[in-house]
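A, B and C are the chain letters, set down in written order, and residue numbers restart from 1 in every chain.
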Amino acid sequence: MKEDTHLIMRPTEVNPEDYYVSGHRTCAGCGAALGYRLVLKAAGSNTVVLGPTGCMYVANAHQFLTSPYTVPWYHTQLGAGGPAGIGTAAAFRALIFKGKRKNEPVNVLVYGGDGGLADIGFSGLSMALSYDYEHLLYVMYDNESYANTGIQASSTTPFGSSTTFTPSGKVKPIGNERMKKNVALIAACHPGVKYVATASISHPLDLINKVRMALASGRPSFIHVLVPCPKGWIHPPEETIEIARLAVDTGMWVLWEYKEGSFSLSAKPTKRKDIKEYITKQGRFAHLRGNEEAIRYIQMMVDREWENWEEMDRTKKLIVPWVPSFQQ
Amino acid sequence: MKAAIKKQMWTGARAIAEAVRMADVDVIAAYPIRPYTGIMNALASMIAKGEFQAEYIVCDSEHSQFEAVKHASAVGARTFVGSSGTGLIYGTEAAIVTALGQLPVVGVVGCRALDDPGNFGMEWNDALLFRDVGWIMAWARDPQEALDMILAAYRTAEDPKVLLPHFIALDGAAITHVASPVLPPDKQHVEEFLPPYKPLHPLDPKSDSISKAMHVAPSLIGPEQRKVLDVAMKRAKNEVIPQAWKLWGDLTGRRYPAFMDAKDLADAECVLLTMGAYSKNLEYVVEKYRGKNIKLGSIRLRYFRPFPAEELKEAVKDTKAIGIVDFSYSLGSPSYGSILYNEVKAALYDMDTRPLIMDFIFAGGREMTIPDLDQATNLLIGAAKTGKNAERPVRWMTVRGEDI
Amino acid sequence: MVSSELEDLTWVAIHGRGVLNTAQASQIASVVSQAGVFAGRDASYYMRYDDSPERVQLPLIYYAVLGNPGIGIVLPEEVEPVGNIFDAVAVLDSSMLVHPTSQRALLLDGVKQESSLVVNTSLKADLVLKLVKKFNCAQDWDGKVVTVRCSKYHPNLVFGMIGALAKVLEDQIAFDDVVDSLEALGQKSDAIAAVKRSHKDAAPMRVSLRAEECDPYRLKSGLVERYRSICASNGGPWDRLKYMELKQRAAEAPTYELRVECMPRWEVLAPGLIEFNQKPGERNIGFKTSFARSFRPVQDPRLCINCKLCHIFCPDGAIDFDPISVDYDYCKGCGICSTVCGPKAITMVHELKALEDADEEEILTIRRALIEFAY
């Protein structure tokens, strides 16, 4: 099977075939499901997929005789996304090298959530990025929570978001007080890594192209894709794409790629929209209404970081953005 | 004569590494912890020198280690892994999923006392933690047997009637770090004994497209999936393991009884029972007591899972008393006994006449000395004289302080 | 599965849309069970476990049970309770009238005779009955239908529903106990007033349905024997062919019980938790998701410019690439396609209008719902 590596410019060039097909028990408007669909369209049918536990495991089966995958697929534990990909890629390499399998490469894709890859499986992911297996891609679908267990905070839950572990109340008006961990930036800091990118389901062609570039990069790669979640972010299901787009347009989510040591932004909003436009569309931030201090802080956080992102784009080098934490 | 010349002085670590090489393993995942690390060191060295080809993954933790080989096995690679003590426990989730997903991973447990506190001494609890979930578990007596068992493990695990992962447990440093004479088998014998690993449904776009381990609703399926494992374990016990050792004996001349080894059992009134390397001490004591005309015998279990209950019942049907020399503990269990003791008791429960059973717990990693064994033996003999039920059948050995 | 021999239980099933109605269904169930406790009975309430985690739009059921069922109540079990046990079936979203629940059960499965169907809708009771006959009943049923236009009574549909439920259950639960339980749960006077009004206005309509009048019944009978001939008990581990036959047959089973009967024996399972995949381009015959829809996208071909954006952005992949067309077996009605369509060629139409040309005056599925904290 020939790998599909060509980059697309128009929606009409999208691969019409799906490898994660209709017929799964995901929420109406599920961002993670759309991410899965697009990533697999990009990777093609010559792909083995490993699925850590999460929404994209439980919601995609949940019964029996109901698999929606058409490419080889294997579950893995929540914290095991990293070694699952490595073990799979190692097996193919060993079998090919020893002549037990024909020398035809295979894409290995791990599609795991932020809970799995940024928290419990973080060290496994880090190990994976230090290796040299080709055609191995880790895509972290970031719905900014542990969604399958009912929306709990993870280390990528943004400041001010409410989850069942970080509800807002009189004593804790902010909700989640931690700041969002930038996993893609940490991934990019691994020596030898050749391709790291961020993406959003609001920019599907960009996502598809990044997946293809990652798989062809020659080393384990990482893509961090933002996927709004109507249940966890509390918005009508039809607004999923609009919210993903607003994340980019307000600058709260940054689209970039890091190719062999060179950084570039993929989208540079000429004038970033006010973050209020993003926050007011989501019920998980509803408790911030009227909390001008917190909202100002979030805007400041974005503005400060963007000074760094723009500098990175100019210099093509990674800089670690730093923002002071919220003082109440 | 020739055989003696061909024997090598190998540590257990080296012997096992040689077995892994002979088995043409494809993927190895390594993470260091005493005392099993030597095996991984030996393998790394062999690979670096070109003596053997395999993917060798240095992992970030034991959890990753066991996950990596599980996934490699799903693709169709022959795999090898291992750990000890608290490290093995760190990989528990991954190890359990491997068994429940029926992947024929072969691993070594260098048995080591569990933390806390840190302790390099030998206890079986680390390996025995997995006794319920579908791993086949064999205990090797010395580096020679460890080598032979590794090869038999691949054959057993990969048999389509079985497809269960397989541990070879070693009594810690007593095997990994001690060199003894080992006769490596002929390459041709190994090839006859161990066919290549060809899973029926590998995870490969070149093969039939499959989904493995989908989430299920138990009203639809659930118990059925567990039952498959139950039957696999039974097939391992009744067909695959005995056939493997018979073939091994035919090929190499090294004949092992499949499940149980015994010494002076025939007319023994009292029997000591254990697993692994310390069986040698038991045999030493048996000889000593036989020299004094005391009818003592010993049994060594080669497999803990599947547990050889039938063989054991047959072996002790005329015995008055069995003493379990147990390097485990099972706090709060019936009679406050230990794991092997509880298993033996359960195995012998439905005999019409049962021997009396005593438990000699050697927990905490302290070496068992011959005087300790003498003490245990004397307690056993004393109990046998008095009759059916021993007073205080469970004894903590080597502990300073009162055994309350 | 629960035996229907447990006579002295009062059992209420509350059907809603996942996430959007979760909190409301939970509140209704808690008030009903609390009222039972004040009446001196034992009580419990819970979401049918298989509906958790709740997913947006995917149907869920809350049960409230008064009395002591003796056994570990129906538990974490996905299987519909067996036998006729429900005294009342409440439906919070009228689009659920034209779809089965997620386990292929029907809204009226398990209803006792003389039970009530309470629906949050602006439609009249006789139209509701017509829809039930067509989509959600497969048995004889003598009972009552009550329609409640919940928005009339309170922004939160809970109070309209409780008033109506209290009316139809007045033989089992005293209205005073309902009011007491509302107060005990911290509800204020406006809520209690809403419940009282809804209780007063509730006008149960007597109905008498025969199974033969109901489409689902006609569909089912004749299929039962075919499924009884066991799906897959022949011999050893399945291969792809046997697996797909089984998958197809299980998918076609008209009831959950028949589907369970199709399930393979352990001897049939391929070792290692292996299932076989369908081919790219096919959709999942094992799990159709039309039951999730409250609205459906309707495409105007005159406006469509064939840009493919709706195909790209559908999370369920339910829109074919060429020609652009919606597969209504799988569309969940999330509405994303209509928001991304540049020329606005896609309109979202309520299921009732699309199927029955019935107009729902207000669509009351609350769009910004609370996250259910009890898990």
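By our rule, contacts are C-beta pairs under 8 Å (C-beta built on N, C-alpha and C of every residue); 3 or more make two chains touch, one makes a residue touch a chain.
Source: prediction; values computed, not measured.
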| item | value |
| --- | --- |
| Higher-contact pair (C-beta pairs counted), A-B versus B-C | A-B |
| Closest chain to the centre of mass proxy, which here is the mean CA position | A |
| Rounded Å distance, subunit A centre to subunit C centre (Cα mean) | 33 |
| Computed distance of Cα centres, subunit B from subunit A, in Å | 43 |
| Euclidean distance of C-alpha centroids - subunit B vs subunit C, Å | 52 |
| Of all residues in subunit B, the ones touching two or more other chains | 209-214, 217, 220-221 |
| Contacts with two or more other chains, residues of subunit A listed in rising order | 45, 58, 63-67, 69-73 |
| Multi-chain contact residues (two or more partners), subunit C | 263, 275, 277, 279 |
| Subunit B residues within the subunit C interface of the complex | 100-103, 160, 163, 200-201, 208-214, 217-221, 223-225, 227-228, 231-232 |
| In the complex with subunit B, residue positions of subunit C that touch it | 50, 77-79, 240, 259-260, 263-266, 269-277, 279 |
| Residue numbers on subunit A that touch subunit B, as the complex places them | 1, 45-48, 50, 57-58, 60-67, 69-77, 79-80, 82-88, 90-95, 97-98, 100-102, 104, 106, 123-124, 126-127, 131 |
| Subunit C-facing residues of subunit A, complex | 11-12, 14, 16-31, 33-34, 37-38, 45, 58-59, 63-73, 148-151, 164, 201, 204, 230-232, 234-242, 283, 286 |
| Sites on subunit C touched by subunit A in the complex | 18-19, 53-58, 102, 243, 246-247, 250-251, 263, 275, 277-289, 292, 306-309, 311-318, 321-322, 327, 329-330, 332-336, 338-340, 348, 367-369, 371-373, 375 |
